[in-house]
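Take this structure first; my questions come after.
Per-chain numbering from 1; labels A, B and C assigned in written order.
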């Protein structure tokens, strides 16, 4: 009797639960999927598509049923195993494993253009991906290390892009000269914005940075005389290889890259050059972060993320510390921005909308806050994969948003949330008792 | 000795809206002494700490710190982090505030932030890995090791601070505060939640600090066994006002203290339920 | 003077709409401490449902404007509420008590999903609607000037005031409101005292969605055009309004909304339309610097 009840009621609950989910799905679908406002010559007309409502209800019913059953099955299997084995073992979870994966990725990125499938198209897409990886690494300093929620990171990217575009147009400055200037400009903007608002609570910071991102975009859109407004800036100087341009013909008295190296001219050369350029920039960002994490300022950022009040009680100046993270993060966005400008040759406010900020932030959080390798994975997932489905423009963004939600539900701390300590006592063997560097305050 | 006391609190009052959390409190604390602040819940002990360490700006009063190596600081006028950085006041928190996602050792290194920042020339020397910074870091690790040994956490140094058991977290927080090289150490209920053995270890640790480091300790504590055993001077607060102060002996026998703690027929005393709780725990019974 | 009056009227109308959306932000923030990024999109969903409902009623032959209005109001609130409830249930509840940024990212994802879902389901083009309520009063003070207060504007303001009244009553006088305030103060304690916190949070999202739906209906009537992207900017301004008024405070949200509406109207009227958003955010930054808790927010005593 008892066993029959036990075996029957879960099934009944399951069906009831799935039916409830299906009902909700139907209610959700009814107004927006069941009807469609269609443009016709007579104006808007209402179309009816009720089968879609039934379909969504049906899909949700079946999905809910299957997921619950599968979940229960997995749960049973996990419960049957000894607890040690039940804990998920990720191939990349250890510190050494991830370092290895990191080197493998660098190696792969270095040889990618030389591989048979490394054609022009792929390398171009990889370049775009690397821009996002670099932005992710830059924002990681602000969000991942210092724990400051920045929803307007794209503003600094825009500052960098316009700095290069306008400086090179107005004064004919080269990319290599503009790159540090663009970084400095972005960092200065970061300071100017950060100084008043970094005292604020975290959520307020989010909204102010969001607003700042919009302000920058609106100003770019409307300051016609400087920025060209919605038309943007055209004919931005392309980068040269230490003064050697990547073009078919050199100006009088100059050589092109191809001529100098005695190569046949190919438009691919510039593509490959841009690829290696962003690879170097991105790796420099990464190297910087890896190093600064082990310095007092980097540790103070992480401590600030953990507990600001405790930081104050240890004599750490919270405002200055946050400001440095904010400015340095902005600087890397500035570098990436000027690269973006030189790669595209054309920029407009269109490229610097909130959705870009959202994508970069998602890369950081999905990757696992503070994890450099995780950011690469998340960027491949969020930017790389959708890039291949460009034709499905509409569904692409839908899937993108859905993936963000699902990954968060699956791993709220991100894909690779593991953090390695920045210093190990094990690496610092105790000095001999007679060591003179013993702490001086140990007075008799 | 005619030297100024390490800490002089004069006429301190702190008002939150209509509530007078600390009312005209004056006392002094000295170097190489443990000064205990006791009193029932809500007596204003933590508020006093928050005023001392810059989390609150006192409504009235003067807080003067005179460290032995010179200088004189008016704490009520200083920004919070400067009180630790310049005036060398360190503190712990009632509800432990460790950097729980960082390792035990990292907690102690972060506490030496200001010195290391200077050594790394604000990160430049550090970024390029100059020897000057590496030496400074090595010294910082040695200081951390000294305190890890003191609090018995050397073996757990590379684990997460958040994974430590409660008692170890309390000790780590004290070690972290000590890594800032304080002249005055403020401990907010360090024995709360400790078992008797841990509590005993804490007493030893605090007495060692008093003896070896020669600093002053300000101690908020409910556990009378700790207070009576190790403190040199006791300040009793009740409803924000000083009720009594003196040696543990004197305070223990002060009728005003007994009345406040046991809730004698006095409207101003503790609510009977709390007094009963205290009496039942046997902690508050001062005799 | 006429011009000033006109901007005042326009600003108050716009502000009412922002205020209604802002309440959703402030309530959710108050109770679970998260920025419900998808809330602006609920308002967009409400606007679409309202327009579809109007068209459906026209097909069904219901021509009485008050009746149609009432029916649309109910339908929009009902269906948008389902959206609000479902979003919380699917994307936020599993993440409650989890890592701080996770719900925010989930919310941004939800917002992207909603925008693209509506775009796919209803098309990307702007949807126009014939003005339903016309007429109004001429308030011109001087000859040659023109100031008008339309019936629609009166309706919007009255509806807002009415909803605010109902809403304040719910929060202060009903058991639901009490449970809500208790949950806001201390979720664990509320659970221990027998408050069904899950249900209270669901109710919060439903109320927020209802108010957003009303705002969506209003904007459909007021501007007569909607598209799938209106939620983003309006949501951002409404959140600004909530922060300006003091996040967590309901009168604050309304006040913030009105102020943002007024700032926008006057800035557009006297300075430049292009930079109205800059003005809004500029003022927000100023307020946050000089009064970080917002206008009506309670000053926060740092718990150490």
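Everything that follows uses one rule, which is that contacts are C-beta pairs under 8 Å (C-beta built on N, C-alpha and C of every residue); 3 or more make two chains touch, one makes a residue touch a chain.
Keep in mind that this is a model prediction, so the values were computed, not measured.
Each chain gets a centre from the mean of its Cα atoms; the one farthest from the centre of chain A is B. Legend note: the chain whose CA centroid lies nearest the centroid of all displayed protein CA atoms is A. In whole angstrom, the spacing between the mean C-alpha positions of chain A and chain B is 42.
The mean-CA centres of chain B and chain C are about 48 angstrom from one another, to the nearest whole unit. Centre-to-centre spacing of chain A and chain C amounts to 30 Å, using the average Cα coordinate of each chain. Residues of chain B found to touch two or more other chains are 55, 93.
Touching of two or more other chains is recorded for residues 309 of chain A. Of all residues in chain C, those that touch two or more other chains are 302, 304.
Here chain A touches chain B in the complex through residues 288, 291-292, 294-297, 299-300, 302-303, 305-307, 309-318, 419, 421-426, 428, 430-431, 435, 437-439, 441-443, going by the rule given at the top. Within the complex formed with chain A, the chain C residues making contact are 29, 33, 35, 45, 48-49, 51-53, 55-56, 59, 75, 79, 82-83, 85-86, 90-91, 94-95, 98-99, 101-106, 108-123, 125, 127-129, 232, 236, 239-240, 243, 247, 274-275, 277-278, 280-282, 284-285, 288-289, 292, 302, 304. Listed in rising order, the residues of chain B touching chain A in the complex are 53-55, 80-85, 90-91, 93, 97-103, 105-106, 109-114, 116-117, 120, 122-123, 126-127, 133, 137-139, 141-146, 148, 154, 157-158, 176-177, 180-181, 212-214. Residues of chain A that touch chain C in their complex: 24, 27-28, 30-33, 35-39, 43-44, 46, 143, 149, 196-197, 199-201, 203-204, 206-208, 210-212, 214-215, 218-219, 221-222, 309, 354-355, 358, 361-362, 365-366, 369, 394-395, 397-398, 400-405, 408-409, 412-413.
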